[in-house]
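Listed below are the structures to be examined.
Shared chain: subunit A. Partners: subunit B in the first complex, subunit C in the second.
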Partner chain A sequence: MNNLRWKIGGHALAVVATLLLGGLLSATLVRLAPGFDADERELDPHLNTQSVQALREARRHEHNIFHFYLSYLNHSLHGDLGTSLALGQPVRTLLGDRLPLTTRLLTTGLGLAWMLSLTLALSAAWLRLSIFDVFTTVVSGTFLCIPAAVLALLSVLWNLPGSLAIALIVFPRTYRYASNLLVKVYSRPHILAARARGLGEARILFRHVVPVVTPQLLAVAGVSVSVAVGAAIPVEALCGLPGVGQLAWQAALARDLPLLVNITILVTLVTLLANSAADVIGHVVQRREI
Partner chain B sequence: MSLGRKLACAALVLVMSASAAANWLAPAGYSKQYREATNAPPSHTHWLGTDEIGRDRFARVLYGTRISLLLAPAAALLSTLMAAFFGGLAGYLGGAWARTAMAVTDLFLSLPWLFLLIAARALMPLNVSPLISVLVTFLLLGLLGWTTAARVLCTTAASLRTSDFVRQARAAGLTGQRLFWMHVVPNLKPVLYAQFWISIPVFILSEANLGILGLGVAEPMPSWGSLLKELEGLVSVGEEPWKFAPLILLAVVVTSFQLLLSKQEEAA
Partner chain C sequence: MKRKERQSEMMVAPCWKAIAAAIICLGSLLGCATAQASGELKFCLRTEPKTFNPLKVEDEASGTIRYLTGGVLVRVNRQSQELEPELAQTWKLSKDGRQISFHLRSGLSFSDGTTFSAEDVAYTVQQLMDPALHSPTGDAFRSGTGNVETKILSPTQISIRFPAPVAGLDRLFDQVAILSGHSPKKEMAVLGPFMVADYKAGSTVLLKRNPNYWKSDEQGRKLPYLDSIRLDIQPNRDVEMLRFKRGELDLINSLDSEYFDKLATTSPQLVHDAGASLDSEQLWFNEVAKSPIPKYKKAWFHSANFRRAISEAINREDLSRVVFHGHAQPAAGPFSPANKFWFNAKLKPQTYSPDGALKALQSDGFRMENGTLKDKDGNEVVFSIITNAGNKYRERMAVLIQEDLQKIGIHVNVVTLDFPSLIERMTQSFDYEAILLGLTNVDLDPNGEMNVWLSSSENHQWNPQQKTPETSWEAEIDRQMRAQASSSDLKKRKEAFDRVQEIVVDQEPFIFLINKNALSAVSTSVHGAAPVILSPQTFWNAERLAVSAK
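Showing the complex of A and B:
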């Protein structure tokens, strides 16, 4: 129990440290990005020299990276994530409006990808037919060789839901690992002994295979969240789905850096939490088995 | 060598030769516009038809392939060298160096690859000349793509540091740089080769994704990404199937790299 608390504490510390470091890195990049100092208002012919000077004075504090970052952190802690330069709306409102759609898309996509991966991987391990192996390798290999953005475009062409596109992007990565793992576990001596004693396939699966593969599959599940979040950008952008991925793409095209920094921190948080949760759950499962 | 690998080698040689001979196979170049034949279907003059402003698609595919096949390995080389420097050295030195290197790689790896690329690309000016856009795109791939390889190399170098032969060499009086270059680096080579080969298809696919999203190579310079962007305008798959030629070519090349990759992975 104590060990588990240490593990959770360690992960929490790592998440906070990575977020703070990531935030500083993002703020530095934003500050150093070409065009950061440009203010369109300065080009307004109605403004006199004093007004232009006043505008520059107002942004003077942003020149120091640490000052800029601390000010950003202070505002973030008070719920103010700034205003999008391109869309002219508070970043918090934009993210709040778009987060539910992305969450739904990712949950469904990941669910479908894992269902497909595990079904095919289990079938490959049970059937042990070389033709089936070749078939699944070719299918997963094909999806692996097609850019995520092309899969998104094809899903638009065939009127398929965006979640299916995400599933097809994530599936080959998870299938490869799950298949190798299951084939390896099914060839272990204790499984052969269980089969020789006449145990049913379902009993072997749930009593002797699942406990062994769960921690490792959970680790891959954590990584698959990161893959799915990355896939959400082309899928939402090209399928016209107004989610966070589409917002990130719009922010990138418009060089809306305040919005992009906030999305970066949000995405980092999601992937770190997913990986930490996978690690902690895997640890609990492993301990229970021992 | 298995049949699959032989076919992969043959496919790569064929595609590379064709792209290298682009100047002879398509002497008019990738940007020449045939205004009288815009959006034309395949014919004996334009083997893959023309695009919406009348440019020969076959020429653009050849030149685009050349750009992707030249610069993806260059970016892979850059990322592998960076990984070797940061990961290999940190793993060999161990202690705080290794922990710092791992923390930095963790920071990069906590962001999805495509998202990291898009965010970094957005920090660069978007209205740049085509040549600069090509360099920026592939330079970004090389500069950001080293973290996974660095992690692998750090772990390998750390295990080499505590291996028997390195300990024996140290006991025999070898220290510092000499030990690193004579005993550690040669044993890192198979892992470096594998990481180099792994990065090439990853970078090819990443460039294609960036291109389709409008953040890759700028017009009129062709690349697989900008060529695949044409698929956006399709209404149905069967309507103009020749527009899928760049996708088929890309899939063949990436599959060939993947097939050859398994041999490198075995070697590593």
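Showing the complex of A and C:
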């Protein structure tokens, strides 16, 4: 039990440290990006010199990145995540409005990807037909080669849901690992012996295969969340889905520092939590096994 | 025989007349039926609206919502380009151009039922002229230092006095949506045909018919005809086009020429080319003294002969034909011929003549050596043109210009940068040689471009923020622009701005290339649409549009 507490504590510490560092790194990168200090509004011929100067003045506090970051941390501790420069709205509202869609998109996409991966991987392990192996390898290899943006464009063209694009981006990565793992486990002597004794496939699966593969699949599940989060940016941007991914794209184009720092921290948090959760659950499952 | 023929002709004539009359009657019946139709109009906003406060509008999406929801005192008719009464029945400008008096309509209410009066106009003007607002709409009225005075003469009469003359003062009120000074709903209480009913961030803005809108049509039916307008926020133009084809959208404004042609081949009845718009595409050289470019290049760019030669060497007809598939016109100067009143009709687009360009350059000491142009000090004439990445039309234009200039021995490098980087180089670091960019012009009045032409301004892009004009022709432009801005005599203003246009065309600080055509697509289910060149092209008469079931 103590061991588990230490593990959770270690993970929590790592999450906080990575978040702080990730936020600072993201802020520094945006600050150093070309065009950081430019504002498209300055080109409006109606604006007089005073208004253009006021626009420039509004960004002045962001010039010193450490000052900006400390001020950001201080405000965020009080629940104020700042205001988007490009959209002129509080970052908290922007994220709050868009998070549900991205959550739905990712959940559905990941669910579909895992369903497809496990179904095909189990079929491959059960059937052990070389033609089936070749077929699934070609299918997953093809999807692995197609860039995320192309899959997103195809889903727009054929009027398919964005979650399907996410699923097809994640699927080849999870399928290959799950398939290899299941084939290997199904070739173990005790499983072969169980089959020879006439044990049902369901019993073999749940009693002898699932406990063995769960910790490793959980680790892949953690990684698949990061893949899906990364894929959400092109998918949402190209499919015109108003989620956090689209917001991240807009923020990057506009060098919107407050928005980008918050999105980076959010994405880092989701990725770290997914990986940590996978690690902790895997640890618990392994302990139970022992 | 002849008589018989004539008799039969005479018999046929009334018969045709009867048929024609029947068709006309049927047409008007159908017209009435159409007018009775209402429904929901659907189209896209290409960005998220930054604000619903009409006084703070600075982006196109917020401008669209302001146009559809805001009630204005006067409105520029987008078709005739004439100023028409709206909330103000009449208005009068003082001779010195500093004061305007409005006689307002009585008995009008905001969408929430709050009564409209001169107090609301005074409140709006005071809010708009707040120096801390920094809105483009407010800045357009700021011609001198001092406060704006509003005087309420009666609930339907108000006079507004500005500290200095404001050119085209009455037309500026086209952009000023009147706010209620008393409504608890603040800017959400509107006087326009529609009101914001729902907003889903990043997704849609739903506008519903304003039940208190004051206008009726000729038959006495209350306007607007539409029940609602659904504005989908869709930055991706491919998706917008796909959705239009699927029938999920009713309109597309500012259609790309490529999409226009694709749509025209399958459904020619859906597309509209209203002719040259006010928008222009132009090229300019960096003339900023402190810019980090070699001195000899600065000398080229400062030479009017060099700029004229470049202008002469660019084939504008080709740009129009190849890049815009013929949906653009070679530009004659700063204002497009689409601007009926302010365009200087004496100006003609620069004729393409590489030989003429070469002669002009030779007179400046340039010489051709083995197919490469060199200046009098032997420097090869090489420069880069930067433009914004992702704008395929500008990228193609830059490539064509590169090819044209290669013919006179000039080597051009085309560099594409993302927009923030380009703006930074253009406005802060001045680290560029030439820029190819466009100017989206929404104003008919030249006063809207005051900050482009005045040498002291931030937007005088080829050489901004000059303490005193660095050239005599810029001093002359400053003088003429100020003269037109301080005069209330339209004829004198026109003369002054005609002179500005002539100087610009002669000196070519901006090499105006083409004026894009105003292209749009309108579904056949939309009735009453008459796309025009002025923004908003397709829904300028939104209150009279109707949508029938598909």
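The rule is simple: the second predicted complex is superposed on the first by the 254 of 290 C-alpha atoms of A that agree within 3 Å, B and C clash if a C-alpha of one lies under 4 Å from a C-alpha of the other, contacts with A are read in each partner's own complex, and residues count from 1 in each chain.
As a working rule, a residue touches a chain if its C-beta (ideal position, glycine included) is under 8 Å from a C-beta of that chain, and two chains touch if they have at least 3 such contacts.
Everything numeric in this text was worked out from a predicted model, so none of it was measured.
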item: First, second, both or neither for A:I233, with subunit B first and subunit C second; value: first
item: Touched partner set for A:L272, first subunit B, second subunit C, both or neither; value: first
item: Partner chain in contact with A:A54 - subunit B first, subunit C second, else both or neither; value: second
item: Contacts of A:H78 with subunit B and subunit C, given as first, second, both or neither; value: neither
item: Partner chain in contact with A:L253 - subunit B first, subunit C second, else both or neither; value: both
item: First (subunit B), second (subunit C), both or neither touched by A:L25; value: first
item: First, second, both or neither for A:L157, with subunit B first and subunit C second; value: both
item: Partner chain in contact with A:L43 - subunit B first, subunit C second, else both or neither; value: second
item: Intersection of the subunit A residues that touch subunit B with those that touch subunit C; value: 33-35, 153, 157, 237-238, 253, 255
item: Subunit A residues within the subunit B interface of the complex; value: 14, 18, 21-22, 25-26, 29-30, 33-35, 141-142, 144-150, 153-154, 157-158, 226-227, 229-231, 233-234, 237-238, 248-249, 251-253, 255, 257, 260, 263-264, 267-268, 271-272, 275
item: Residues of subunit B defined as touching subunit A within the complex; value: 103, 106-107, 110-115, 118-126, 201, 205, 208-209, 212-215, 225, 228, 231-232, 234-237, 247, 250-251, 254-255, 258
item: In the complex, subunit C residues that touch subunit A; value: 48, 50-51, 58, 131, 134-137, 139-140, 142, 200-203, 233-236, 238-239, 242, 246, 417-424, 427-428, 439, 448-452, 456-459, 465
item: Contact footprint of subunit C on subunit A as seen in their complex; value: 33-52, 54-55, 87-89, 93-94, 97-98, 153, 156-157, 159, 237-240, 242-243, 246-247, 250, 253-255
